[in-house]
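Common to both upcoming complexes is chain A, partnered first by chain B, then by chain C.
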Partner chain A sequence: MSNGVADLTANGSELDSSVFGDSLWGKAFLKFRRDRAGMWSLAVVTAYALIALGVWTGVWGTSWADVSGAKWAPISAEHWLGTNIIGQDIFERAVFSTKTAFEVGLVVAVLATVLGAVLGAMAGFFSGSWIDEIIIWLMGVLDSIPFYLLVAAIAFSLEGNPYAMHIAMISTFWIGTSRLVRGEVIKLKSLDFVEAARATGVNQLTIIFRHILPNTFHILLVQATITFVAAIKSEVILSFLGIGVQDGISWGLMIAESTFEVLAGFFNNFLAASVLMFGLVMAFNMFSDALQDALDPRTVSG
Partner chain B sequence: MEILQYSVRKLIAGIPLVLGVTFISFLLMVYFGPDKTYELLGKNPTPEQIEEVRRELGYDQPFLTRYALYVQEIATLNFGSSESSGELVSSLLARTIPVSIALITPGFVLGNLLGVLFALIAAYHRGSWADKFIMGASAVGMSISFLIAIIAFQIIFSSNFGLGLFPVRGWNVHSFGDYLSYVTVPTLATVFVALGYNTRFYRAVIVEEMTRDHVRTAKAFGTPPARLFYKNILKNSMIPIITRVVFSIPFVVISGSLLIESYFGIPGVGKVTFDAITSGDQPVLKAVVGLTAALFVLAQLLTDILYRAVDPRVSLT
Partner chain C sequence: MQAPAQQCTVAIRGRPGRSFVVIALAVACLVGCDGRDSSTPEATTASDIKVFRYSMGGAPTSLDPVQTRSVYANFVVVNAFDTLYSYKYLARPYRLKPNLATELPEISEDKLTYTIRLKPGVHFIDDPAFPDGIGREVTAADFVYSIKRHFDPAMRPQGAWLWQGRIAGLNEWKAAGSDYAEAAEGLQALDRYTVQIRLTRPYPQLVYTLAMGYSALVPREAVESYGREFAIRPVGSGPFKILSFNTAKVVFARNPRFRSEPVDIWYEGYDPPTQSFTGVERIDGRAPPFLDRLEIDFIPEGSARWSSFTKGDEIQYAGLPDEQVDLVLESKDPVTLKDEYARKYHMRTGLEAGFVFTSFNMMFEEFGYNPDSRRERRNRLLRCAVRKGFDWSQRNESFYMGIARVFPGVIPPAVPEFNADMSDDSIRYDPEGARQLLAEGGWTPENLPVLIYGTVSSVKSRLFYEQFRAWMKIIGYPPEKIVLKRYATFGDITRAWSRSELPFNGKGWLLDFPDAENTLQLFYGPNGSPGSNDANYSNPEYDALYERASVMLPSPERTAIYRRMNQILIDDCITISGMSRVQIMLWHKNIIAMPDSSIVGGFFLRYVDVDTGDPGQAETLE
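Moving on, here comes the complex of A and B:
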């Protein structure tokens, strides 16, 4: 319908909408593209992702564990950011840690969002029934245990498992997503298209997962970015407490290492990890905000 | 009377939550927690000795029996003494909880008050440079890890490389002056980190309230801005604010600030609990878990009663 109008008015944004359609996603894409802060943050996140990809494929960051210089060597052409207490190159370690951050962030964000979506949708669709009651009870219980204590308990009960930290984060980070999805599904399930599906005899699980859940995807995407940031930030604290990354190196482990160094007046390790981490978290937060603005149906539909 | 009836009903409704928290803690911290058999045995134990110790620890009992025993000990407040220090759990908690509260309260209060204040300024000048500046600063604050903030503040205020004004670590409080000198740097770090999140949250709440019709009507009737802000906007925003504040209280009391306590070597309850988890000190764990669950049920009750206080439309039934 809007195609004809768009051709007549020949207005830039109208033309765009004829290309990308009138859907939430089409409009959100256009809105995001006009958001300068959003585009910049996306560029920064992409740059970090490329660094991580390079580490993962073995292009760079391979010698993070080698002892290649003197203790606390200063910044030089050989060691761009100096070396740490045992002579390992800080730049290499900071670069390798980018991969660790993405690994933790992606694993936790994807799995926690999927878990939150499934449980939230079940609770919302069967709201008021025992399924809903159990899921709400579980969320309340997990919410009432202080996060770091729960993580510590999970980490110690899975002694030595390198994924203990991931499991602990997933088992708490799904709750926020789940609450939002539950609310949205309660709204959606009374709409006509669900009624129509029900009337034509579509199986309940198909209604939940094929008809309703795809309509909450804009919430899931934003929640996944929020979870990603939360996971990276928690990793730093958990690694400092000794229940985080078990093998390899991460920004959290670098900062933990540096807590003694800073009191001796050696700041390179601390600054390298902090600045890199700040850049990624800041960019991801801005990206998340821009995404949220672009996907907010209240503003998109206007 | 109505409130009392309501409270009793609410406390009974809190039982499933308490059971859930104790169950998960039992599962993670006791059933799958550290095995203490070999700590209590000497070198080269015989199979009989191992059997003996396992029986004493109750490891040979079935799962449900052990859980029932665990709940029973929590319910009867029978915690005994810490296994690692031998100190009575009650005196251990009486010693450490006040430290955590003293440590965290200034940061908690300031973080929330300043958060509401900045949120009001930002919301009032929505879209202006003040709003942009406050929200930009919040975004930066939210992106800085708590640990990084702690270390940075320690370098700046406490170390020889910075101002060197405050003690680097520890908690040796004998007077109010001591207290101020030890609490300042942790408070600054806490406020710095909490402020971004709080301001953003409170601004969203206040902006939502400001765009409501009743505010527009009140404005049209010529309500003075101060009154409009206090009576029409702030008062109506209290419900989400209360929820956020009250539900943080159990965490403030129980986990204190584990990170601050471990970083600065302060003997608070967060550190004690963390050590209890890592060493499997069950008497301490039971007490803390029981206390957490109870505080949560109380927090729920408190929020409901406070909702009633700020919004007469809310009924306690």
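Moving on, here comes the complex of A and C:
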């Protein structure tokens, strides 16, 4: 048995090569698998995702809003991380906040990336035209406004809307992705396969969305992970400031609660939220770095 | 006087669509000015300048006396403007005294005509609104004008409820178009210094209302010159004049033209056994104000306020935040400081002259009055069930150190009509009883109405909401039907209350004067929104009793009526009430003061002195 395992391991890379082929994605996958930090970070992110999934499906974190203990109860078998000022279980709240973080992260990352990809591709393909100028002007205008001021303004304008924070973040986070995609599309549109498509009469939108944009997916994937982390961090800050999560609980709200608890010598809320947020942000950053390395065309082909 | 039930966040909010511009301007403003005038560095560092830095949990939205609905606004306004009457600085129970008036009013035998004489030679502060910029003398006509403003819709007034239907002719004056050239029958300036008020019926609380910021005297020239800007450019005759005002702080300088009236601490009610620790005897015989500069910081979060207070060189007055209790207090009952704090700070403690409570807005058919009488009966059962599910004890323990006093109804312990022997059924936490009431009313999780829970945008307010929602879940009210609606500032939510936009109003009420009438009027039908009765309660029996008692002087008979009215409110389950908080006020030991945030309120600031440690000052004092 042990020999078999050793053989399998020894032949692993060979098998991988045969299975995943020589494509950019195949090579990137193999490279990512060899990145130990990347794999660990993926495992951590997956664990968080499972926690979030469990909350979403109602398996755990269901009593985060209940008043189930005394004020600032210490850590016990009943309350693993103690309770807050009104007797709510901090562990339950911290776990539920994982879902909040994933919800915000996923919604913002997906929509901001899609928006950035579409507008970036349009700007790049029609570079020099009025379409490009309008999109660049829009990016410049939004970039010139301090981020948190803009987010606060949008959140206040859409007060009462539970997705105000999401809209605010999407409306700014697409810009980075859009700039990168625009540059990539300008490079791609002069390549032979695009010329070939043009020569065969394919219309411009089909060229953009079926021929060029798929070739920017490696950028979009990395940008999505970066946006995911940025969204989580922003959500925490905005919730801390009182303009983030409207209904529910988040790590930012827990940290906001802790601002007057730490002075009383009670740190559980602060530590629970901070440690969980640090774990996810750190893991996602490392995952993002590993992904970026794996998908870098300059190294992946080597 | 409305006060938040908790600390509220000061922020800027505008209508959707305008908010972006408002916030951008606000940020530009904050970047451009920090609330200090150009003399700040000198003022705060020079040892011969006496500066007192007070702190409050919220900011006024306007400094125009007609808009002093909040306790914060009233507190600030009485320092910039003069009222005819104020309260004796040190006397407890509270006692009125003349301020701008020469003496207490002459009252006719039928109790309907009040004649009040003003002190001559009192001037408004110098201001460009006056000819040559020199403040003119304050006259009886200014008082008449100032009260009339409450009946002029263009002024966006908030205090008409105090005199509506009581001072003869004011309602008619308003109905005729609020023309200041026209006289109001019951409000006359007999001569330059004499005011006469004629009432439609006896109003024993009238003199109290003349000690409120609402009745402060304003010069017509300034109101007309500045228009709406008068709300941030007050021109009064008070002890201080305002140098700057924003959402973070108000800065005053001494009014150099303030009348010289030496303090007689014995007249003010000085009680050496309980007050000598404050050093107030050192102001005896001297004319206030004693401060060169007064700063009031608006710091919503208690922890931030405490942090600033204990730094030593920032604010010099603060209330003790709940989270510091175990660190600062040696014992809670009686309240005593630990040695390390007792060495550094003076402390005063006592039950507030007010209470916190939460009322249903009866205009909402889901909870209050309903065309269907059967549904209306069910609504009453629903309100009673919610009240039974409200855990005052836990609220007290969580947010008020466990030492606040919970009492039934709306007559708080601070007034003489309080009944300590009243049944505590209405404040007893009884989730099982609540569930039974819901079942009796046919309420199920499916048919219970959505309850919009309005609150200001602050951490503590949010926790209030979460705690309430958790209690409701226990009695079977689905959490998703308890919906949070947040308002950026206390001013925003007070507007929502006055516009009857919320079905459930949680707030604090600080007494305007020490008489239960001041809390019972909160449920008097004609005071409905936009008046002070934002529960919009209307009960003919209650209203009749109120009208009967409102013309009576204090007596056992009046007390009995008050208590009957209190019982009606309890029986109808209109309000979940109430709790009077214990105030623990601390101030630096170099400050000579007897702070009071209740009835005396902002009036005490003119008597504050700073011990500069200068031997020369001691000699002068002696």
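To be clear about the criterion, the second predicted complex is superposed on the first by the 287 of 302 C-alpha atoms of A that agree within 3 Å, B and C clash if a C-alpha of one lies under 4 Å from a C-alpha of the other, contacts with A are read in each partner's own complex, and residues count from 1 in each chain.
Going forward, contacts are C-beta pairs under 8 Å (C-beta built on N, C-alpha and C of every residue); 3 or more make two chains touch, one makes a residue touch a chain.
In this text the structure is predicted, and so the values were computed from the model without any measurement.
For chain A, the partner with contacts to more residues, out of chain B and chain C, is B. When the shared chain is aligned, no partner comes close enough to touch A:A199: not chain B, not chain C. Once the two complexes are overlaid on the shared chain, A:A153 sits against chain B and chain C alike. When the two structures are aligned on the shared chain, A:M282 is found in touch with chain B, with no touch to chain C. In the superposed pair of complexes, A:G265 makes contact with chain B and with chain C alike. By the touch criterion defined above, A:Q88 lies against chain C but remains apart from chain B after alignment on the C-alpha atoms of chain A.
In the superposition on chain A, A:V236 makes contact with chain B only, while chain C stays out of contact range.
Residue overlap on chain A between its contacts with chain B in one complex and with chain C in the other: 149, 152-154, 156-158, 259, 263, 265. Chain contact summary for the complex, chain A toward chain C: residues 65-67, 71, 84-88, 149, 152-154, 156-160, 242-243, 246-247, 253, 256-257, 259-261, 263-266. Taken in their complex, chain C has these residues touching chain A: 9, 11, 13-14, 16-17, 19-20, 23-24, 27, 301-303, 306-307, 321-327, 394, 397-399, 457-460, 462-463, 466-467, 469-471, 473, 479, 483-486, 488. For chain B in complex with chain A, the touching residues are 16-17, 20-21, 23-25, 27-29, 32-34, 139-140, 142-148, 151-152, 154-155, 159-161, 168, 250-251, 254-255, 258-259, 262-263, 270, 273-274, 277-278, 280, 288-289, 292-293, 296.
Listed in rising order, the residues of chain A touching chain B in the complex are 137-138, 140-142, 144-150, 152-154, 156-158, 233, 236-237, 240-241, 252, 255, 258-259, 262-263, 265, 267, 270, 274, 277-278, 281-282, 285-286, 289.
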